[in-house]
Structures are given as C-alpha cells and as structure tokens.
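Labels A, B, C and D are assigned to the chains in the order they are written; within every chain, residues are numbered from 1.
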Amino acid sequence: MAILIDENSRVVVQGITGREGSFHALRNRDYGTRVVAGVTPGKGGQQVEGIPVFDTVREAVAGEGVDTSLIFVPARFAADAMYEAIDAGVGVVVTITEGIPVHDMLRAYHHARARGVTLIGPNCPGLISPGRANVGIIPTSVFKQGGVGLVSRSGTLTYQIAHELTRRGIGQSTAVGIGGDPIVGSSFIDVLERFGADEQTEAVVLVGEIGGSEEEAAAGWAQEHLDKPVVAYVAGFTAPPGKQMGHAGAIISGSAGTAQAKQQALEAAGIRVGKDPDEVGDLVAEVLR
Amino acid sequence: MDLYEHQGKELLGCMGVPVPAGRVAFSVDEAAAAAEELGGPVVVKAQVHTGGRGKAGGIRVVDDAAGASRAAADILGMDIKGHTVGRVYVEEASDIARELYAAVVLDRAEKRPLAMLSSMGGMDVEEIAREHPGAIARVHIDPLLGWSDYLGRRLAFESGLAADLGPAVSEVMARLYEAFVIYEATLVEVNPLAVLADGRVVALDCKLTADDNALFRHADIAGMRDVSAADPQEQMARDRGVTYVKLDGDVGVLGNGAGLVMSTLDVVANAGGRPANFLDVGGGAKAEEIVQALEVITSDPKVRVIFFNIFGGITRCDEVARGILTAVDQLRITLPIVVRLDGTNQEEGRSLIAEAGLQNVYSEPTMTAAAERAVALAGA
Amino acid sequence: MDLYEHQGKELLGCMGVPVPAGRVAFSVDEAAAAAEELGGPVVVKAQVHTGGRGKAGGIRVVDDAAGASRAAADILGMDIKGHTVGRVYVEEASDIARELYAAVVLDRAEKRPLAMLSSMGGMDVEEIAREHPGAIARVHIDPLLGWSDYLGRRLAFESGLAADLGPAVSEVMARLYEAFVIYEATLVEVNPLAVLADGRVVALDCKLTADDNALFRHADIAGMRDVSAADPQEQMARDRGVTYVKLDGDVGVLGNGAGLVMSTLDVVANAGGRPANFLDVGGGAKAEEIVQALEVITSDPKVRVIFFNIFGGITRCDEVARGILTAVDQLRITLPIVVRLDGTNQEEGRSLIAEAGLQNVYSEPTMTAAAERAVALAGA
Amino acid sequence: MAILIDENSRVVVQGITGREGSFHALRNRDYGTRVVAGVTPGKGGQQVEGIPVFDTVREAVAGEGVDTSLIFVPARFAADAMYEAIDAGVGVVVTITEGIPVHDMLRAYHHARARGVTLIGPNCPGLISPGRANVGIIPTSVFKQGGVGLVSRSGTLTYQIAHELTRRGIGQSTAVGIGGDPIVGSSFIDVLERFGADEQTEAVVLVGEIGGSEEEAAAGWAQEHLDKPVVAYVAGFTAPPGKQMGHAGAIISGSAGTAQAKQQALEAAGIRVGKDPDEVGDLVAEVLR
C-alpha cells in the first residue's frame, strides 16, 4: 500500500502562488495526487487552476481536510511554515526548500517529534508512491509502481537510481528523498521502519553519501530489524577530505563519514553496495530474483 | 563559515565568556602598535582557518612592541598548510596554570547540540578522545528547553573539575551554549580554556563555525568573511551562487544536486578519468546560472572537457540546454562538452541541443556512457 | 504585581512596542513641566491599579501646560474605586482612527500563554466577549517553541485586520509575547491598541501583571512597586513575609496554607461569625514568624478574638505553640485566642499550650468546635 | 495497589542536606518509604543518616536505581532540579518548593509531558499511599490504608479531610496534593484517571478551592469517565472577590472561579459537595455504605 502518501492523501501546498509552488502543485495534481488546497497569506479566496488558496493552513485543514503539506516557501520562512502545518494538525509535512538554518531545523525536528508529526526534508525532492501520488519535485517519468522502496539523501541520485530500476522493469512502492541537510525530519531508519511494515515493499534501496553517520546507523538497524533485502549506494568516494561538497551534510571529518567507512559498515551488515547507479540496478534485480 | 580566532573571541566576549585583551593586526606596524597599546608581554598569533599553527611557528610570545614587530614580520605571509597568513592577533600574554578543553557542537546523529568539557586541554580533541577515553564529559542539550544549570554541574562533576572550578566552568559552558545558539553556530570550541595563575578561567583560543544558511540574520558575522583568503575561482562561484570545489584533474564536472555531482566524480574516476572540480548548480537553475557556472569552470586552464550531468526535478532540462547553448555562444567555448539530460522536460532539452547542432557538444543517454565519452575526449 | 500604565508602557517600549511619548508626574508642577516638555495637546491620566478611571473623570485631554496643570490638580488625590490617585501620566495626545484590543495572558486551563487580538478595542474585554462573540481571535503559544510568525498572521486574518493592518498588528503581537516572556508577566494587555490617523499602530494603554515569584530576576520591575499605595497592614504583612488580606469582621483568622485558611473563613461564617482577615503563615513557619503574624492581626482594632487553625505538615505544631506563647508575652495580647493544632508534632504543641496555662488561650480539638468557640468569644 | 508511589518506589531527595530536605527524607524513610538516595551538588560521597548523597541525579539513578524524586531545593533552582531529574530518567517528580516562577513551570510542564514524566506539585505537600510510602511533607498520623483516593489543591486541607476520613474509620489508597499554583504538573483529571484505573480505590474525594477552572473540568471529566463515587469539597465561599488569597492559584476573576460556580458544576455532574471538612467525612461514609 506504499508508505506515507498514497491516492487518498489530501495535500496542501504552502507557497502555492510562487513560481515553483504553482508549477509543482499542478504537476503533482496532473500525476493524480489530490492537491486540494494551497496557502499563501493574503491570497485567500483566489484559485490556482481550480485549487482553492487559503490565508492559513488552519483554514485549509478546516476547508479541505488536508493531511499532508508540501512546503515551497523561502528558507527564512520555512520553519514558520512547518510550525503552522504542525499546529494545524497536518500529519506529514514535506519541505522542499533548501538553505534552512540548521538551528531552525533543530527546533522544528524536536517540535514535530513531540507531536507525532512526520517531517520529510528539508532540502529534499519530496516523495513519490508511483501510480498513487507524487508530493514534491520528483520527475515522475522515471518511476513505475512496484515493490522496491527507495530512500535517499540526494534528490537527483534518487531519480538516477529509480531510472536504473525502472529501465530494468523493476517498479517502486515509494521513493523518499529524506534530504541532504545535517538535520532532516526523517532519518533513513524512520523510513526503513515504514518500508519494513509495508506489504507492497519487497526490497529496499538505500542511497547515501559522505558525511554524518546515518548510513552506518541504518546498516546496524536494518541488520537487526529489517527482514527484507537491502541494496545500497554511497556517493563521494573521490570527494577530497575536509571539503564541503554542496550539502552541509556532506562534510568529511577525519575517517568517519567517508564513503569507504559507510560502504564497510553496510557490507558488514550484509548489505550489498553498488559501485555506480548502474550496478545498483543489477544488484536489485539479483536480490529480487 | 569558519571564523578567525580573533573574530570568534570578539563574539564570545560579547556573550560574557572571559577572553584576554587583544588586537588584530594586518601589518608589522599595526602589530607593534597593538603590543604598545596592550603593554607588557604579548602573544602574536597567525590567524588562519586551519589547525597546527603552533607547530608551524605561527605563535610567538614576545616581551614588547619591538618583539611583536619582529614576530609579525616573521608570521605575516607565512604559509601554514596552504593558507597564507594575512593577519595576526596580538594578545596580552597569560600566565597559564592549567589547560582545559570546552566545546559546543552540533551532534548530527543525536540531532541535538552536544557540550563537552575536559580537564585535558591544549591538545587536539581527537587526541584526547583517543589517548584518554573517558576524559571528555559530554551532555546533550534539548534545543527547545535550552541550557539549564544542571548540565554545567554534570560537566563539572564528570570532568573532575567541580571541586575547585565548578562554578567558573559551569558558567563558561552556559555562555558557550548561549553563543552557539545566538550566533547560530555549528561549532564553538575553546582549546585551551585556561585556568590562569590568578584563578581566572579564560578562553585562550576559539574556533567558531557559523551556519552559512543563517548569515542573513547575522550581518555582523557575515561581514567577517575574509574574501582575500578565498580561492579566486571559489569566490567567483560563490558570487554566482553555485557550489564549486576545485580538484586536481582535467574533466570539468557540472551537475545538479550534491549527491549526483559526487556520484559523477566517482563515475568519472571509475572510467579512468580525473575530475577537475565539483560544481553543483543546485535545484531549479535557470539558463543564466548555467552560463555563470560554465564561466567558473572554463576559468580553470586545466580543464580539457566539460561533463554536464543533469537529472531534472526542480531543474528543467530545457533551461539547462538553453544555458549551455547561450554559454557556448557568449563565452566562445571550444572545449568539448558532454551532455546527459534526464528528468523534467528532458525531451525539450535534448531537442534543443540536437537542433543547435554544435560540433563540440555531445549528447549521451546514460551517466556511465557520458563519463566514458568525457574521459575519452579528455585524453584525446 | 500589577504595574501602573506608565510603568507597563516603559517596559513595552523597551521591547519595541510603539508607545506615545509621556512623563509620569507626582505633582501639579511636575505635570505642567511634563506637558511643557512634550509640547502640544496632552492627555493627563490617573495612575491607579483599577479600571474605570475614564468614567471616574481620571482622564483629561488638554491643550497645553496650563491645562495639564489644572487637570492634574483635579485628578491627583482623587479616589477611584477606593484607590487614591498619587501620580498622573502626561502623554502626548494621539489622533485615533481606530481602536483595537490586544493581549497575552496565561491560560491556566490550557497551561499555555494565550494571545488575543480584536478589532473591537476600547471597551472591556469581557464586554467584547459578551456582546460580540467571535470578535476576539485567539491563539495559544507553545512555551517551549515560543512565538512564530504564523501566529501573528492567524490573529490578523481571524480578527479581520489582515488586509490593511496585517504586518503592523502581527509585529505588535510578537513584541507583546516577547514582553510577556522576558518580563515573566501573567498578563500583558493593551486596550486600546490604537490605529492613528497617520496609520501608525501604538499602545495607548497597558495593563501588565508581573509574577511576584519571578521578581528576584527582575530588579527593575521589583523597584516599580508603589509602597505608598499598599494598605499599611498588608504592607506590614508583606514585610513580614506572610499573606494577609483584610476583611470586614471581628474574628482574626490565622492558619497555614491558603486552602485551610479559606476553609477556616467558611467555617467561621457557617458558625455565624465574621472573619476579620485572611492570614496564611505559609509552610514551615517558625516561632518568630508566628509572633510577627500576630503583630499584624492585633494591629487591626476591630479584631475581638483570634482563631489559630494549624494542621501541620512542613509546619511543626511545637513551633507554632512556641510562637503563640512568645507573642502573648512580648505583645501583651489580652484578646482571647482559640487554638487548634493537628499534624506534625501535635502532641508537643498541645502540651506546650497546656503547660503554659494562659487564661486567654483556648485549645480545641476540631476545626468546627474551634470556630464555634471563637464566634462565641467574639460575641461575648 | 495505590497510585504513583508504593512500597517499591525508590526515592531520591534533591536538596537532602538542607534543613527541610533532611528532616522529611528521614521522616519519609521512618514511614517505610525506600528513600535510597539524596542529591546535593558538592556533597557527593557524604551520607545523611545512612542515605548516600550524590552530586547529580544521574549518579543517584545509576547508583541506586531511583524512580521517584522529591525536590526541596529553593524556588529559583527548582525548575533546574526538575529538568535534572527528568533528564536522568526519573518517572515521578514531586516538588514541594513553593514560590516557583510561573514561566519556569510553564516550560517544565510541557517538557515533562513530552517525556512522559509525571510531575506532582510544585507548592504541594507531596503524596502518601498509606501503609506503603510517603513522599513529601504529609503528616502520616492522620492517614490509614484503605479505599478512598484523595486529591487536593491544598496541602493542609488534604490533612484535614484525611483526618475526617480516618476518624470515621475510612482509609485511603493514595492522597495526592497536586499543589495550589496556577500551573502544576498534574491536574485533578490526571489523578482521577489513575484512581479510576486503581483497584484499591473505591471512591474519590476531590478537594478544590477558588480560582481557575480545574474543578469544573474535573467534574465534567468524572461524569463521563469515572465509574467510582466522588465527593468534593471547595474552600473559599467567603473569600472576597478580586483578592488574591495566598496561592497565586486562588484569584477570583468575575464569576468564573468562585466557590459557588465550582460547587454548581460539581453538583451538576452528580458529585456531592460537603459544606465543611466534617460533612465531607459524612458524605464519604454514606457513598461507601
């Protein structure tokens, strides 16, 4: 039945009248997602191609019964947008925005957890349950419905890996881009836990990158708690140490956090690691055989 | 953004952390004047964004202005691990009785700030952790609740400092946490935190890393950026809003999204090539940003081929294609460009490239094929 | 602790809430000088810890210093609901286009601060709530997370003020919440929050109640207490650290714990008597505190009998007994004292009273019996 | 089996070397309570009549496995003491201290709730499960073990009412003084919920006072959720309006919060209200018959 979002999800887009907000709201709706409301303060009462716009998330929840929010507001206002969604009772909050201050996310993370709200992102492409719903900026053409759960810290790598799966005829249950920032709302483990409980999901692909220790933690967790096959990919083997590679998340500090260390941890947990996206596709095909 | 010691100390001082008096100096004359003003013996310290300046000879204790002048003359212009010293900090000399270690850092795994205190200061924290496991007391802070005094007490007791230094170190830790929050830092490290002969506890060094994403709220910190210390190409990239890291090879790499660009570097390496750089145009790049990104890459004379790897989500392939075509035209690029476009508006993007029919622009359908083509062209 | 309007406005001004210029004046001359300094028309307002001063004639708009002088002469010394006016606030007159209501208050039931905004200002908030239900927009604030801008937007939209006043009122609400937190208030009310003819939004009145328990952190606010306005006996009680409220009857009541003392008042009333006061010695009172409490009660000439109702927990009955005996001796109390002691060290306490054998001190075993005895003695 | 504390509770006293702290720690131990540790920073390693003293609550938890804390530290340090206990993993935190700033309690309340920790107080006498454990400053002599749950906002009234019960031969399961401050850690409803689930408790006495609307809320809750008889008492019928009566909690504002209003709400919910503590005793005897 996919995880987090499906054909019944009722989505509000915060920042819907912005350029990216309206573009992707309509793309998501075109895919079949129930994009039932938008929010832009001061534009309540307007419509975006038939999607009603509200001044506050609270009104959108009251008016359209939304349960999922997709946030496109600028970085300096993004935490406030998350708080508004959480306070209004939205259960899944997906933030695409990049460049959110890390202290904002520290607070938002703990606030959301205390309220049982699932945050996805920020600095992420969102998530897609192929054939059911697309909430975010993921290009849908490379996805097809199926049994592989995909979870990734990198947006474009998510598409690349999905592309490798799809062109081998392997579909996906849900692909979740958890985001590349140092503090994101949902970790690999949070998503793996859901894939573990999801009947549609038969195998999982985990796409990591240098920096932090999320992949190592996920490897240990999967070995103990997940009884579905996992294939992994890690980007950044040739990244020079001590340099920041785009994501604040991709900082190498000493030996921990290197792609090599992550690969070792994953393999030690019995997880096969592809050397490039192409090989990941081959490995998944193998484990599904 | 890493701050220099003198900048970090200025910020800590504002938060009530005791720091010695000091002046920054950009020339020998300024260093002498600073020493004169401070009076008595001073320390002249190289200001660089790297560690190990002591071993490199970048720290000198001198008796007076004349000594400071000589020290500054030696230190200014010195190369420390690839960083040229452009400024020194002249600080009153301290009579150190004991060296401690104190820090507040963002713990990504725990998703909470972590405060650390150790009675073994002066040496590298990794070294303390390695050689004296258990010598570093650690407490996590709930970011919603903030600091509470018991955290300082725990650190003091668990580091064995409570008996004589409890209140002083607890207070310093509270102030360091406040600095961490107020300045939106990801790291505030004081090593050594010194106990002086007269019993005072002062910060003798400071490493403060501010969150670049929060600088819009901190004009004072943003203004501390030392543009002269940045690599000119990296500065050029920053001005253009793209993330660029210079590497050693000859294959210029450009993509959207840090993960994909890193993967591209790996794939280039797997194909036997050597990437010249990491360049991430980020999400939703427009044609003019593509032009600017190409301007950065082509400014590196070592680049022999450019590999464009785009998988469009928020980025649209047609925008990228338009950017490439405009750049080739405007910048008169003759280097071979290998282009791989997938994702949002991929058909339009590929058509634009194909219709333009440029001789030095090659389209490839897959990442691996594109990498192989780029490596082959670099060797040609 | 309730603050006067001028004190509350001073605090709000520090937090960035726009307030008109004004000066406090304790005499007619000071009022005239204040008006002179401010220039132009001014408002002279009685400063009292009660509402309804407008209707009582405590607010006057005048053109100049001479007018301010006359108004101050009328208002100073005026009695408003039992409060004598000892100071006036002289404030520049405002050209009011519209009156709003804004407040942040501690919501005990929800255990969170509550921010309120209404387009119907100027009148009493209970009146707005009664006559225009739904006209008050409300948002609760998570005390750990603090204010976030969406709360201000919600208030602005839900009160119908967003269209033209959205940013201004959102900003004021954020500042009021900041004041509520920084000053540790239990109430910050601005009524009216005025929209002036020139479009500015300013606080024209301010009711700020600070938490007495937090005054140790706020020397500035603690220093604002107007000791001259307090009832002398209540002030005496405050100086002695006991809680005392003067009532109308003749049975002096003293107990430990607010609940028990309130219950004692009820039991006295049920027995047909009239309590003279409420006096709570609090938990763990020592003998000398009992003496001081009796000093307060006996300073009220209407008291004809004293009813001591103690149920000891942290308070020890022997300490209380010692206090009573000392007080009777030191203060030469001849009034009848009915004593009921139960709880911690009750035996020792009762023995001390019994052994002293004082003629005017009566022990009773139960609260009801003691109340009846006290009421009988008051009537004797 | 009583609620919140019993003969198995392992108690740490924070502020044990203070005058009140040591006095009541020993009194509680004399009653049979397992007072297994004390905390006073800087006095770690000492003993108070055989009770080991630690520098931090964390050490007390590690050393003595405490699960309950009793706090006697001065008001300005009390919130910090609560945070220390919560952070160390203590499950029930009882604060006797009065005069704690209300903003401190606002934060402590929400912090404790988010962590599932039960706060009792502040400005309260603690709680007693007669015959099992006494955690606080409650004089034990007026209590006896039995089937009546007692919950009260007032310390001394708690003793008074228990006294009335005991002299009628009626014992108590647990008596909880929730405290008289505007913000307390546990409300009437929180405690009623536990009494409802407690097998030992056959009936409940609720002791309220003027101010706030806790009694009204509890009346409504009990009518809907509690199938045990409730008797109530409310103090403050003769308190003058607009005056603060000792507790910050006992402020009358308009008609709401008056003793009359509370009595009406309780009676409307089918709860009998005694006119004085004596009559409360009679009513309880009646409902138990």
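FYI, contacts are C-beta pairs under 8 Å (C-beta built on N, C-alpha and C of every residue); 3 or more make two chains touch, one makes a residue touch a chain.
Keep in mind it's a predicted model, so treat the numbers as computed, not measured.
> Taking a step as a move to a touching chain, how many steps at least join subunit A to subunit C?
The distance in steps between these two chains is 1.
> Strictly by the touch rule at the top, which chains does subunit C share as contacts with subunit D?
B
> With contacts defined as at the top, give the pair, B-D or A-B, that has more of them.
When the contacts at B-D and A-B are counted, A-B has more.
> Calculate how many whole Å lie between the centre of subunit B and the centre of subunit D, each centre taken as the average of the chain's C-alpha atoms.
53
> Once you find the CA centre of subunit B and the CA centre of subunit C, what distance in Å lies between them?
55
> Mind checking the centre-to-centre distance between subunit A and subunit D? Centres are C-alpha means, answer in whole Å.
That pair's centroid distance is 46 Å.
> Please work out the Cα centroid separation of subunit A and subunit B, and write it as a whole number of Å.
Here the centre of subunit B sits 27 Å away from the centre of subunit A.
> Any chance you could list the residues of subunit A touching two or more other chains?
In subunit A, the residues touching two or more other chains are 107, 111, 114.
> Could you pull out the residues of subunit C that touch at least 2 other chains?
Expected reply: 142, 144-145.
> Can you tell me, using the touch rule above, whether these chains form a line, ring, star, complete graph or other shape?
Topology of touching chains reads as other, fitting no named class.
> Go ahead and list every pair of chains that touch.
Touching chain pairs, listed by label, are A-B, A-C, B-C, B-D, C-D.
> Taking the complex as given, what residues does subunit B use to touch subunit D?
142, 144-145, 148-150, 153-154, 157, 162, 166
> Please name which positions on subunit D make contact with subunit B in the complex.
Touch residues, subunit D against subunit B: 41-42, 44, 55-59, 77, 79-81, 83-84, 87, 107, 111.
> Under the touch definition given earlier, write down the residues of subunit A that touch subunit B in their complex.
Residues in contact with subunit B: 20, 24, 75-76, 96, 98-104, 106-107, 109-111, 114, 125, 136-139, 141-142, 152-157, 159-160, 163, 180, 182-183, 207, 209-210, 212-214, 217, 233, 235-240, 243-250, 254, 259, 275-278.
> Inside the complex, what are the residues of subunit B that reach subunit C?
144-145
> In their complex, what parts of subunit B are in touch with subunit A?
106, 108-109, 111-113, 126, 142-144, 181, 184, 186, 211-214, 216-217, 243, 245, 247, 255-263, 265-270, 275, 278, 280, 282-284, 310-314, 342-344, 346, 366-368
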